[in-house]
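I have placed the structure first, in the form of structure tokens, so that the comments after it can refer back to it.
Letters are used for the chains, namely A, B, C, D, E and F, taken in the order the chains are written, and counting of residues starts over at 1 for each.
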């Protein structure tokens, strides 16, 4: 039995609140069970310094942070030079995942920054950030006049597809979908999977937590992830 | 005429959502007009290093930060050693204001940290942070068994009184209460006032923004602040 | 009785030594009782990066630091990434106070930086820094040929007025002018006031130190500050 | 045809030089084609601060860095507060991979730190670091008297198994083993796989580099990785 | 002819003002020509973390900094993580020089910190810092009751001898004593020498500034340094 | 008797391995006894920001670091804002020493950076770094077409001469050449000397380690250094 009585292949209940704040064109408060992330998407004409402005391409990047009150005991802020390797790793994953479905040429010379701030953490914060960031990104793109009523797949729209993510894991030997914190802490194997609505892989990160796993276990985990992600991209298509 | 058609002595509409998140005993989403702050209050038995553990006193402190998407253009995160003097100044003010109404001996050997994170900024973020932090602090105190049903003024309750804050200012020579961003940017004089429900001053910070002001103007501004704060502490008494 | 036997409305003895060092056009060693601050003013044609060079305006800014030997026990240097919120707050106040009496258009495209380094600390370091910085600023302006023999109020002179500052406070319920360290540490209410020679307010920062204060007490403190500042601006007019 | 004329399922030539330096019990200079990493393993009785000394368990951690001259143009040092997210991510992966095959209870209260410094970079630095770090770790364990002549699998030996890693990827649609830099830069999909000598997965990190991949491609890549890693663990067993 | 018309073997005029500030037991304002340094010496019972408290030995250390207004153009403060290699190097030299004449066992478990802050820089700041720091150190030692009336050489006094320093250099091929800034900038060879009153070397740092020098030139420079230092230690003996 | 049975005027055995890595035009693994340093030299057309690009001059600089496994116990990395004064001091010395024999005008608008990373430390790491850096610098210059077959002294070659360095010291009162770690730790006086092949001084840094020394001792130490350096520059001339 799972702590919240879900079936092993069942997602936590998802809720999506778009336009939660109004200073950025994309602003999504997304919730899966007890995990809650605010994803805001800003658009700027100022490209990163390393880009060649002649190329006329854009860029999509992300930042991730856990708010101090998102967890108990309170998490210290990443201020004053302290480095948090985990945050750095997660925000690189979010940015990479979004860029896998964005055509940077079609985006044109614009920089989109997605900020994923975890308001409440109960497992799966990085995967929920990706799923929410995708919706915020679409809202940000829609705020640009030339992309106004387009959807992923439209020929001139920078987003080629939807991208969503979910965690899966082996807990007491059992493959489970969308781990909550209690399961995550107890998992022998923890895997984060990012896929498109079309069922193609964007990223797989599977880790034996002081353990190892075999090919059959891998296959079972990937099947669960595929099922979960297809449900998540349906929610994205329906506008949250 | 004010940008949002308020009277000169009228507060912006306030809304208070308690228990917005559930990992900290206090969690208040407070909103005044377009300004929105999340105040979470954590309690820990780990006192700051500079305190003498023998003294048996507690401590109340605050941290303040503007989230990247709270403003347009996007605000860079205070990470990796960058110092933001304004944030540091504001969080010192919030902590000081709360401690003015808390009896640290009655609190006992506990550290309360209030995190004020601005989700949306439209002027008055520091004063709204104080008003919201007070409510989060009370919820955090109520989560401690011995203080459970107490209210400010009760003999054993660490909070002696309510504290709330508001900004006032001279805009085009006119004294106004609770400035929104447009007014704040145009103000000749900007003043932040923190007071108790009993009408006593905790802190006054008045600044001529490349201008100066005289005693009559000071008196008019303080009268406006007093009116606004008495309305805010009523809201606090009524539980948000 | 005050620790140094002054009357409640009496300033500490002030001494001003101009041209204490000779590498900067302004260099003032100012002393009030046991508090001693070196204020040097440098002029540069390099404006801050955020200013629009087209505007033809100047800028005045300040930095504040307590020297390691200025206090006992020794104060660690603010080096290698350590942030000192108090210093940051004070130097922002000094800069703001000076800019309130400077016409940045008349200054032209010049950046004036005033460094206030506390050599010996016995209370009132931030207010004495402002009073000394004003004199250093005037000397720096006089080093620029076109402003050579001008005084505040002259139509083309960037300084419109003098600015000086003093602390006042309630100690054992008694309003006192220009607190020394012993009084500052014991004060229930501590207030720093910046005013012009013409008696207008530039900044008021009043803080109940874990206490609160009422309107009558505020009025008494402001009256003391006004008296003190009018004496300080007289000293400034007379050239220190 | 691959740039170095290898078959698609062929590893680069590997060479292992143990005891390259003599100040640490483990010191391995490992080379795969043009990629060269120095892995030194130090043992200390000083455990990380977050560990409970009562538990009697040890810890294994790793640090990774690219030396300035390892690449062209020269890579700036990570000094003076600059954060390198990529390095942080890689060193977390190395540490996790080693801990997956180490029994921390059997290790006893000892901290082993493996430093992986890339002397020359031509693709696959993180996977070669893992393969080399494993050999350095074994040498470090053998320097402890009670583990002197043991091998992975021996009941009291902290290392349960060997761990090695390799990169695989899709280049021009073709699955290839052990990518060199030119292939890595051109790959549509890049995957790093860590496995035991027994053929179990420790970690899978597969990334569509601005692309996506399907299940068949995943299967082909994993098969290549398995072949490569079984060759690498043979080299480890034979003492480098 | 030298810029200030001195003979090649002549020191600049020296003045020493002891007890310039009163928060530290040693406080010396020392001046050589236009160079001016404030040296304050603090005594603490808190030893550096790396010392074994069982040993009952003390420590003497120094910090060096150039104040922003000490030079033109203004020197930025070393704040917020910026590293200044030159300052670090100089303060290590000052500490080492003082420790060469201090018996740390006789000092007992005390840490003496000498802060050398350059108020005005015109060449020779590091050597003048050493000469002034020695006087401040002696005053600090005299503030400790058991060392009250002792002088260097007394059997129980921690200071075994006086230490002073001076710069010498080759300017236009000519050996000169105590270079001012103009000479320092033009020197082919620059040498800082630290010696005892007894004429023994503590430290020699000679540098060809994009040039080289031979043995005869070295001998001439050392002879000049010896003469200068014997005059400086006379001043130290006479109490400044 | 010396720990490694050398004569007092005998260098440790030197070995030089050029082209140890191939990503930089200069790459020298140099070894003296147990001390081992990797010196890589990179050439870039990007000059330091402080240089005036109009001048058409080049720059030579160095960075020095001890690798974590170069010493026992392991040395922490200089990451995340931690400052290491010793490293900063040494790398300034290396850069200065090389620039003393380089004509920056003849170098043209190029920046050469030499990275000296200590792989194994047994005394004399800074002097061996200089000796090895000189060889790496020559290899880097030879990689530039116009300097291809030139040697120091050739009229158009940027290097005017060879530069090498060695440590000397007084150990138990005896002058010794090229101290190993055990001798270095026990030395009363420690001196690092940098000279040209032509026997001229570039830099002398002599330090009484909590001791002092007289003129005869200085002369004996310099004679030893001269002998050692003439052997080292012979090795440099013969190509390592």
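Observations, loosely collected:
To be clear about the criterion, a contact is a pair of C-beta atoms (placed from the backbone, for glycine too) under 8 Å apart; a residue touches a chain by one contact, two chains touch by 3 or more.
Given the structure is predicted, the values throughout are model-derived calculations rather than measurements.
For B-C, the equivalent interface among the listed pairs A-D, D-F or A-B is A-D, as over half of the contact pairs agree by residue number.
Comparing the contact residues of chain A and chain B by number shows a mostly shared set, over half of all numbers used being common to the two copies.
Per-chain Cα centroids separate chain A from chain F by 51 Å. Between the CA-based centres of chain C and chain E the separation comes to 33 Å, rounded to the whole angstrom. In chain B, the residues that reach two or more other chains under the touch definition are 80-81, 83. Considering their complex, residues 20-24, 27, 34, 36, 38, 40-42, 44, 63, 65, 67-74, 77-81, 83, 113, 115, 117, 119-121 of chain A touch chain B. The touching residues of chain E, counted against chain F in their complex, run 81, 83, 85-86, 88-89, 91-92, 96, 99-101, 104, 161, 191, 195-196, 198-215, 218, 222.
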